[in-house]
Amino acid sequence: MPDLLVLDRRLIARGVERSSTMRFVFWLAPWVALLALGIYAAALCFYYGLNQTHMDNRFAFGMWIYLDLGMIAMGAGTFFTGFLVYILKQEDLKPILNSAVVVGLICYSGAVAVLMVDVGQPLRAWFTFWHPNTHSMLTEVTFCITCYLFVLILEYLPVLLRNRQLRKVPSFLVFEYQLHKLVPVLAGVGAFLSFFHQGSLGGLYGVLRGRPFAFRQGFAIWPSTFFLFILSAIAVGPSFLMLVTAMAETLTGRRLVQPSVFRKLGSISGVLLGAYVAAKALDTLVWLNITSPALGFAPWDYYAYKPFGWALLFAEIVPLGLLPAFLLILPLTARKRSWALCGAALGCGGVLLNRFVLTVQTLALPTLAFDDFLRYIPSWQEVATFAGVIAYGVIVYSLSYRYLPLFGQAKGGDKNVSVG
Amino acid sequence: MFPWVDGFHWSPGHIIFLSLFFAVVLTILSTIVSAVWRTASDFRTHRATEMCWRLNFAELPEAERRCRHQLAGRVPHRTCDNAFDCRHCPKYAELAALPARNPSWNVGVNFSNNLLYHRGHTWVRSEDDGTLTVGLDEFAHHLIGHPDSVQLPVKDSKTESNGIAWRMMKNGHEIRVRAPIDGTVVSTGGDKHGWYLKLRPRDPVDLRHLLRGAEVSGWLSGEVDRLRQQFSTPNAPHCLALGGPLMPELMDAMPAADWDTVLAAIFLEA
Amino acid sequence: MSARYGFVIDLDRCTGCGACMMACAAENNVPPAPARATPRTGLTPMLVRKVSNGIEGTARREAFIPIACMHCGNETPCVGVCPQQAVEVDKATGIVMQMPQRCLGCRYCMTACPYHARYFNWWDPAWPVGMEKSLNPGVAVRMRGVVEKCNLCPARLHSAKEKAAAAGKKEIDPADYLPACAEACPTGAILFGNLADKNDPVFSAAHSSDAFRLLARLGTEPKVYYQSKQAWVKALAERDSDRATEAQHA
Amino acid sequence: MKVTRRDLLIGSAGAVAGLALTPVPWKLLNDVSIWTQNFPWIPQPAYGPVETKYSACTLCESGCGIRVRMAEKFPVGVAGVRSHPLTKGALCPLAFAAHQLNWHPRRLREVRHAGRAASWAEAQAAFQKACGEGPIAIVDGRPGRAVSSVFEAFTRKHNGSYQAVLSAESQALAPYADWSGVPVASLGYDLENARTIVSFGAPVLDGWGTPGRFTQLWSERAAGAADPQLRLIQIEPSLSRSAARAWRWVRVREGIEAQLAAGLARVLLEERLVTQPGPMPRLSLAEAAAQTGLAPEAIRDLSHTMMENRPVVVIAADGNPAIAALNVLLGAVATPGGIVRKRGEVQPHVPDDPVPESIRAMLVDSTVPWEFAAQANAEVFRFAAWDGGGDRAGWLLPAPGFLEELTDVPTSPTSALPTYAVAQNLVALPIGVQSAAQFLVKIDPTMPAVEKVIHARCGEIFRSRQGSVYGEHPIAATKVDSAQHLEEQLRKGAVWMGEPPSPGKFRCELKEWPMENRVAPATSWATAWVPPVFPALATKLYQESNLREPPAERRG
């Protein structure tokens, strides 16, 4: 145990004060337990097959796909801030960058991990690379996400190598220095990849001609959802970073970034969210009046089934779209931290709802005239697997915050409570 | 994936998709490779140690980056932005000319006026045969006392200033001592000898960057003050009472203290 | 010339006995579902569904709709979405082929299929002790974790081709290739044939006034036609038909 | 030199990088995915030559023609036979999984006594003892087979009684037999010539009679048409699958068939819709209407519709005399398109012996449905291929399963033409399994062997010079050169079919209108083909399609 204490101290950068080892361990313990449970659930799925879940032939995609889409949308803040900082030279966002990289890494690695459990034959996953069907949105997603995960790891490496012990190795330190100089390239690649896979995730459902609730027209090979997803992702990405940072600040009881950074993220989020809502509304109108009827599906039919009524559509556009946009744009509210955060939360909620509608409601709705509305409740294995991913995220972020310079070298001691 | 793999089509979509993919992969790989290659070349051209030092220096708290002339009281306030390397400091000559306004009072540790001091708590003495002897200064000596083990460089190996010259272990703490100058190891001493290395300096010999005279007292008093602050606990030993001489073998005396931080500060680790 | 194999199913003649399902399952070595299976987790490449006119009481009418893969001929939903080309449309026959050994089990094709004619192997295939001796030779058992569906009894097509080849003929004899379900139907409700061949009975049947296809307005050109003289049954073809709407609001 | 941690790190990193350049990891990746394509625990189908055999299905008394694909001595597929005169290639859904039944978890393979394992020797000894003490009874589920005559011979010799358990189809014909003296087995329905068929709850499209025979008739002449050539009127409380597909569905209360029949009869008689007079039912139309839950007009309309296009025949779900009486009234007896008498007697008619008060032992053949309740005090020797669950017998004796015994298949009860087929034992009999006939022969070697009886019957058919033999190509019986050849043909899966019935030949007299709804005896069973056990495949398929509930699993 003393060794652990010593090790812990030695890993924390000099002059940076973090909570006591014990406190940190107590903070981590429940998350580690949750992670263990998640790993157990995933192991069950690997060993016995997907009959462990409550998915079925009609509800072929379940909770996992929904949460993957959600997580990746939230992870969009990473590539976007990287893009802003390195390509558009918005230097004042730099302080948030390292934290953003960690968030992105968590979201993407988590999503990929869940996907591996979700497929029936994980050992054949590489077939997608070997015999790719380039017409499939899923191929695009798979390729981009895998590549981008590598990019994220590379972007994370410099942050990792700045750890107090690792930097003692001269070659690491120099490599970190050299790699850091090349990060703009990675940021560019990351932006390119993210642009495509965020879009393809939207396309995933937009191309489903057989599911008129999700099917959309578009340009060239891409349905409108392709572009809506990109827009919505970069709109809430910064919001999510705000939320994460704010959470870290409350937990550590310390100002980690300047309010100006918050405001900047907020305004970017707000403007993009506004644009997204406008586009979304337009798209919905086109779909309701042209696309869906043309396929022989009366739009009101979709909303005839409780609990998925019109309210869902309204909620997605107004209280969870328009409202947060205003909260984040209007100076009156944008300047107030609490209002801004509230707006960010609503915005994220809206996009999560959008992903839910597209993944779950699409499958629940009947297609054939003699079909019924379907219900599906995830099994504990599904829930546990996902909870494990959340726990994994918290653990990685806590460790990174404790041992790595996430927000520059914020020297000086923590105030009251302090974890991470 | 490749033309010879089942499922490959010579269709535009397929070609565009795959070429984009390969382009991305190549970009990522070339990024890694070039980073590695640059790192390697930095080591080949002996810039690595210098870079490491400068990266570390950048991370030091400002209080530890005070200019030697401020220590000597020649200027009221100046922070070094040259990684303590006065050899390439444009203002060195001009500032060095100013008179030192810093009476050398007793700072609690002894130091010799005919030794040159490095900020990493090593002293340098030039011998008649042109070699330079390097030892650990009394401040460090008081703290560490007798190290449990010393890992010295082999004969004829090169040392680079601010690179790690030798390592010592004490009560489970690794102490990495920075080399004061560039040179070649002629012979090695140790704790008992009172000195650690004899170096043949790389020509041309330039010791301008090492502290001397008034600077030393100013610097050491600063070090002692910091030590006091770090140990400013209720049960602080009298040895640290203002002006009192520094008690020898402090690490043995106070094993519970946060030596990790203390040593890092003393031996210029970020 | 390339064939377009398909069905014309006369719903007025279907008594819903389920012989087609049984014959299909036996032909294609479909394993019995484990006890934990639900009606939504089984394997039924051919599935007969009971439908009604949505009215209760003496005015109620019921019919039975056998549903297999529709082998869509245009923008085949499942082919486009498969990330690794495990689904392909055979140019020579128009059959939409599912290759289990290539499938990764992502189930994207299942979400894409508007007819729910695709099934996932949720369990390892297992039979009561000794029953594997009764498996149909020449049809590989699918492993757990892959998607399967009606491939129009490829084993039968294969043997028909072999027979033709042995006789030195290029075209197979239509009499030699009949999927198990069509062969099993006791009322001859399931008509199978080459929709591209004007002389084939299915051609005229498919073009009769009573013929319709499910969700034809999706534009996927399914190659399974249905036939009925009853208006309410025809109304089942499309989602936004009056019947569907009143059934919703009933 | 000294190996530092740094060296180790660099070394391992280099090793990983180097390994990636070798083919090892890639080969491994490939092999793993190949492994996933044929997991060792997945059963592989048999390979090798597949030969096709023809036979008759013995799972029920319909005896449909089946085409069996055999691989490595086991059936791997069952299909119908298009050239079969009666079924024309149709089979019931369950027949398609019949070849799996022999491996059903409930298959019986060893003798059990009072729930414990026993041996054939013990069973034999016990039965011999019982025969000594007597009286014994042998219960046959399908009278008229070669086995049946073995049973009869045995009972005659060992002062026992022969009991036949009739299917509901046969029971529906019982009243005519009572009234005319013509044995049930010789009666049948001439559906091919009927133009209106009124089914009183008989599942005519759902396994009634020979699968395929009526369904095909219906699909050719009735299906979907607004004014079909053949009208099917289904009288049933619920919208059964027959009702769903019928031309008209008349919704009535449960168990009021007799009242409705009476009501109809009243209208027919009062309004002179029928030519020959008959006894007037005691029930008034109003009463009938009240009890059936139909409006008097509805009953009147129904009777008019029935007479609209004739011949009309009424089909009862069981031996309800009221409905039989309706047929008599309608003149649907001994006329084309009605109840007819088959020409020629293929199977010797075996009369049921009177049941003695107390029976010492009762041998129940495997053809008797599991529901059959034996006489309480008797020691029961129950032959069965599959355990239907429950504690039904003192002795549970494993009988041959699907295609495991040589037996003959006499005419199906509802058929208007006599048929005769032979089911070969295509599958080797498992060790420890034997049929009731073999059991009896062991006890009394003087009993005739089934082969001999079949041989004799083939001889009779050959000498009768009637009908034709439907093998690969049908040939008239007169063209068959020898009885030997005929038997060979039948053993190869051909089926003999006699001449069509000639009208007249028997009369039914009604003294007075039968009123009681005769409750079906305990020995009758659902008309829809219900197997001793349901193939696992079928259970599952019926569960997944919303067609119908699989029959409730009979658990022990």
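Labels A, B, C and D are assigned to the chains in the order they are written; within every chain, residues are numbered from 1.
Following the convention adopted for this analysis, a residue touches a chain if its C-beta (ideal position, glycine included) is under 8 Å from a C-beta of that chain, and two chains touch if they have at least 3 such contacts.
Nothing here was measured: the structure is a model prediction, and the numbers come from that model.
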Chain B omitted: connectivity of the other chains: one piece
Central chain (distance from its CA mean to the mean of all protein CA atoms): C
Result of counting contacting C-beta pairs for A-D and A-B, higher pair: A-B
Relative to chain B, chain with the most remote C-alpha centre: D
Gap in Å, rounded to a whole number, between the CA centres of chain B and chain A: 42
Intercentroid distance (Cα basis), chain D paired with chain A, Å: 62
Rounded Å distance, chain C centre to chain D centre (Cα mean): 29
Chain centre separation in whole Å, for chain C relative to chain B (CA means): 77
Set of chain A residues in contact with two or more other chains: 121, 124, 127, 130-133, 135, 139
Residues within chain B bordering two or more other chains: 7
Multi-chain contact residues (two or more partners), chain C: 40, 42, 49, 84-85, 124, 143-145
Residues of chain D defined as touching chain A within the complex: 6, 29, 32-33, 35-36
Contact footprint of chain B on chain A as seen in their complex: 6, 9-10, 13-15, 129-135, 139-140, 143, 147, 150-151, 154, 164, 167-168, 170-171, 173-175, 177-179, 182, 185-186, 189, 192-193, 221, 409, 411
Sites on chain B touched by chain A in the complex: 1, 5-7, 13-14, 17-18, 21, 24-25, 27-28, 31-32, 34-36, 38-39, 42-43, 48-49, 51-52, 55-56, 59, 61, 172, 176, 258, 260-261, 264-265, 269-270
Interface residues, chain C side, partner chain A - complex: 34, 36, 38, 40-42, 49, 51, 65, 75, 77, 80-86, 102-108, 110-116, 118-124, 143-147, 214-220, 235-241, 243-245, 248-249
Chain A - residues contacting chain D, complex: 121, 123-124, 126-127, 169
